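Have a look at these structures, which come just after this line.
You will see two complexes here that share chain A, one where it goes with chain B and one where it goes with chain C.
Now for the complex of A and B:
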């Protein structure tokens, strides 16, 4: 039982990371109907911004965290502005966008290796490292922060998208871009806003996962791919689906590692992906639209 | 109010609008009738900025609007209720209407307009919290028009409001259009020529991208060619 609770908690922590990143894939897919493979690199950029702000003593950790989130949001916004928008305006096919996004992600990863450092950096100690004991579970403080920050951000995002007029424009553009434009919505601005929000969420995940493991140039590639799987499992385009997919993969991974074998841990997300696609191609909470990736 | 002069629109090689000139004066209902594929929707989509014209002029209240993007056109006072309703199917009726008022700043006026839309379409009030995709075709058409009115347009572009509706519902929608015209100028596009000509003041006949006739609707209703081609008599 103790063991079970402990794994449940671990799954929740890692699931928060997947959910935070997955929601970005889903939001961007909603408005542009393409998979932004550069989304993972926003996570890496976010982790590095926080790392250097703290390492160089520029800012105390909470401010560094905030700075990382806002700058990563801006970074994500700029990728859309300078890489995808010109292509869209020329009416380029979706495939070109997809390939460009893969290019952006390689560019970011390699730029970090060349211009920053190829090393794995442990995150400076900003939280106490001694685990907190709670109901027999041993919980590292960073996990507590991960779960809490994840919940707060996810609830805020859902509130924003469903309950505010600015947020509703994201849904409107996702449902019918022309009709949204006919309401007087500046759809380009809405798309920018979507990338900005996706960037904020991913960077929060990046900073926290960097603290839990280490900050390295491949952080985004690794967590991005699994989070993409989470978004598809939950139903790409669905925000609650992204959360569900994220937590589900987090749980299955930790339970799989604990009760089956840790060798298969990284394969579990993709096995689940294959099963879901076989039995419910639109994902667990997805609408049955036939949109090709 | 709206002046379209020698407008040309192409889709690749298809010449969809060929030197089209149309004028709408304040307070009028003007209709454009024509068969399927004549270019009626293309004309409205060009006015609202969704489609770009190759040449010609579009001016609204003496301002050139041809190069404006759709949201700027809405800002200038033209709103387009598109063909096929295009309501936001996963959002509620209330959310659809709020999005219709997206550019409005004044909360109080907005509530007033919401009340006016509900007065015009009481069924929308009954279904206010329902998901738009679950409404019937007629109700979706009401929502599409109501949503457009929420921006308080000076000019309303209506694309085939009667499409796919049972005759009773068509009657109902047209009664409401009569009501709307008291405050709003309307450019109405229809395949259902009889209804449109009965309602509007002036009409144009569009054939494969060209305006072939323009006259007061009374005259068009009596015109033998129009009768034969569009009224089935």
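Now for the complex of A and C:
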């Protein structure tokens, strides 16, 4: 029972990371209908910004965290501005957008390897490392922060998207871009806003996952991919679906590692993905779409 | 009817002669040239097979696969293990490697290709992670994370060149056949293709299986060239390598894939030699930068290409002999027309 509770908590912590990144994929897919393979690299950039600000003693940790989130948001916005928007305006096929996003992620990953360092960096100790014992579970403070930040960010994002005017424009553009433009919504601005929000969420996940494991150039590729699986499992285009998919994959992974075998931990997310695609291609909470001429 | 049969027989004979010629030239080059250029040429042939196979599914059929390395690794381990453990000769193990990759391609492709959208890219990428996890954990059979040493060396230049010739011949006949036109129809507009009676799922799965078959052959050649296998050799970066070759040459152009494979194979060599040269001149700073920095150059080039010339060097055109003669003719005429 104790082990079960412990694993539940671990699953919740890692699930928060997947959920935070998955929501970025879902938001961007909603407005542009393409898989942004560069989303994972925003996570890496965020982790490195926070790492260096703390490592060089430029900023105290909370400020560094905030700086990393806002700068990564801007970075995400810039990738849209300079990589995807020119293609979109030319009316290039979606495949080109997809390939360009792979190019962006290659550029970020390789630039970090060449100009910063190819090593794995442990994050400086900013939180006490002694685990807190709670109801028989041993919880590292970083996990506590992860779950808390995850919840706060997800709730604020849901509030923003559902209750504010700027958020509602995202929903409108996702529903029908042309119709939204006819209703007087500045779609370019909305798309930029979407990328900015996605960047903020990803960078929060990146900093926290860097603190839990280590910061390295391949962080984004690895977590990004599984988070994308989470977004598809939950139903791509649906914000609650991304949260659900993230937590589901986090839980399955930790329980699979604890009770079945830790060797196949990284494969579980994708096995789940294949089953969901087989039986409910639109994902758990996604709405089925009919392709029309 | 008679002439048709004769045409077919003639084409087969011409093809057999081509293969024989490639074998002879490959063997000669291996004897004459030093090991370094022969190695580069062999790697070019392997890369070209991989690029062609990726081009079939993504360039011609329009289904974006990102797990190509997963199919390479299936082929590589199958062929290596059949030769090492079951003591099969090379050719049967090589072909079995391709067939098994095709079977795996069917199993992976069927659930994801029924759907419209970019799901294939994600499922194939996931498949690559799954297959790596399996190979890393079946230590008894594959050596797991320790790798598999002692793979027999087979992929000499003539073998690689002949495999490339056969691949190119099969694929160029395929894309110009009725089936090939159906692949392109699926890429151009899935709904329109369906409305004229093309079973899109069937053609997508078939294209994916053929593509996996050749990816398996390419992977097997890699194993028999390096004489050592490790699951992590076939990672995401390996897939992206093939992807960038095709994109550089042009999606949907076979000769473009050859051109792209040549450029991407030569790129790190050019940088390495330039770095050695600069190092020899005493310019250690730039030399070190070039040694590490070619990856950034590669990624930047990739992006610039996508933004400025997304159709690649050739687009969907092919480099052909009559086309070349025409081009030469135009150039000559233009020169003569000058006052």
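Going forward, the second predicted complex is superposed on the first by the 289 of 293 C-alpha atoms of A that agree within 3 Å, B and C clash if a C-alpha of one lies under 4 Å from a C-alpha of the other, contacts with A are read in each partner's own complex, and residues count from 1 in each chain.
Assume a residue touches a chain if its C-beta (ideal position, glycine included) is under 8 Å from a C-beta of that chain, and two chains touch if they have at least 3 such contacts.
Just so it is clear, the model here is predicted, and its values are computed rather than measured.
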| item | value |
| --- | --- |
| Partner chain(s) touched by A:119 [first = chain B, second = chain C, both, neither] | neither |
| Chain touching more of chain A, residue-wise (chain B, chain C) | C |
| Touching partner for A:102 - first (chain B), second (chain C), both, neither | second |
| First, second, both or neither for A:169, with chain B first and chain C second | first |
| Touching partner for A:277 - first (chain B), second (chain C), both, neither | second |
| Contacts of A:187 with chain B and chain C, given as first, second, both or neither | first |
| Chain A-facing residues of chain C, complex | 58, 62, 64, 111-112, 114-116, 118-119, 121-123, 125-127, 129-130, 133-134, 136-137, 190-191, 236, 240, 243, 247, 251, 292-293, 295-296, 298-300, 302-303, 306-307, 310 |
| Complex contact set, residues of chain A against chain B | 165, 168-169, 171-172, 175-176, 178-187, 287 |
| Sites on chain A touched by chain C in the complex | 34-35, 83, 86-87, 92, 94-96, 98-100, 102-104, 106-107, 109-111, 113-115, 221, 225, 228-229, 232, 263-264, 266-267, 269-271, 273-274, 277-278, 281, 291, 293 |
| Chain A-touching residues of chain B, taken from the complex the two chains share | 48-50, 69-71, 74-75, 79-80, 82, 86-91, 95, 98-100, 102-103, 147-148, 151 |
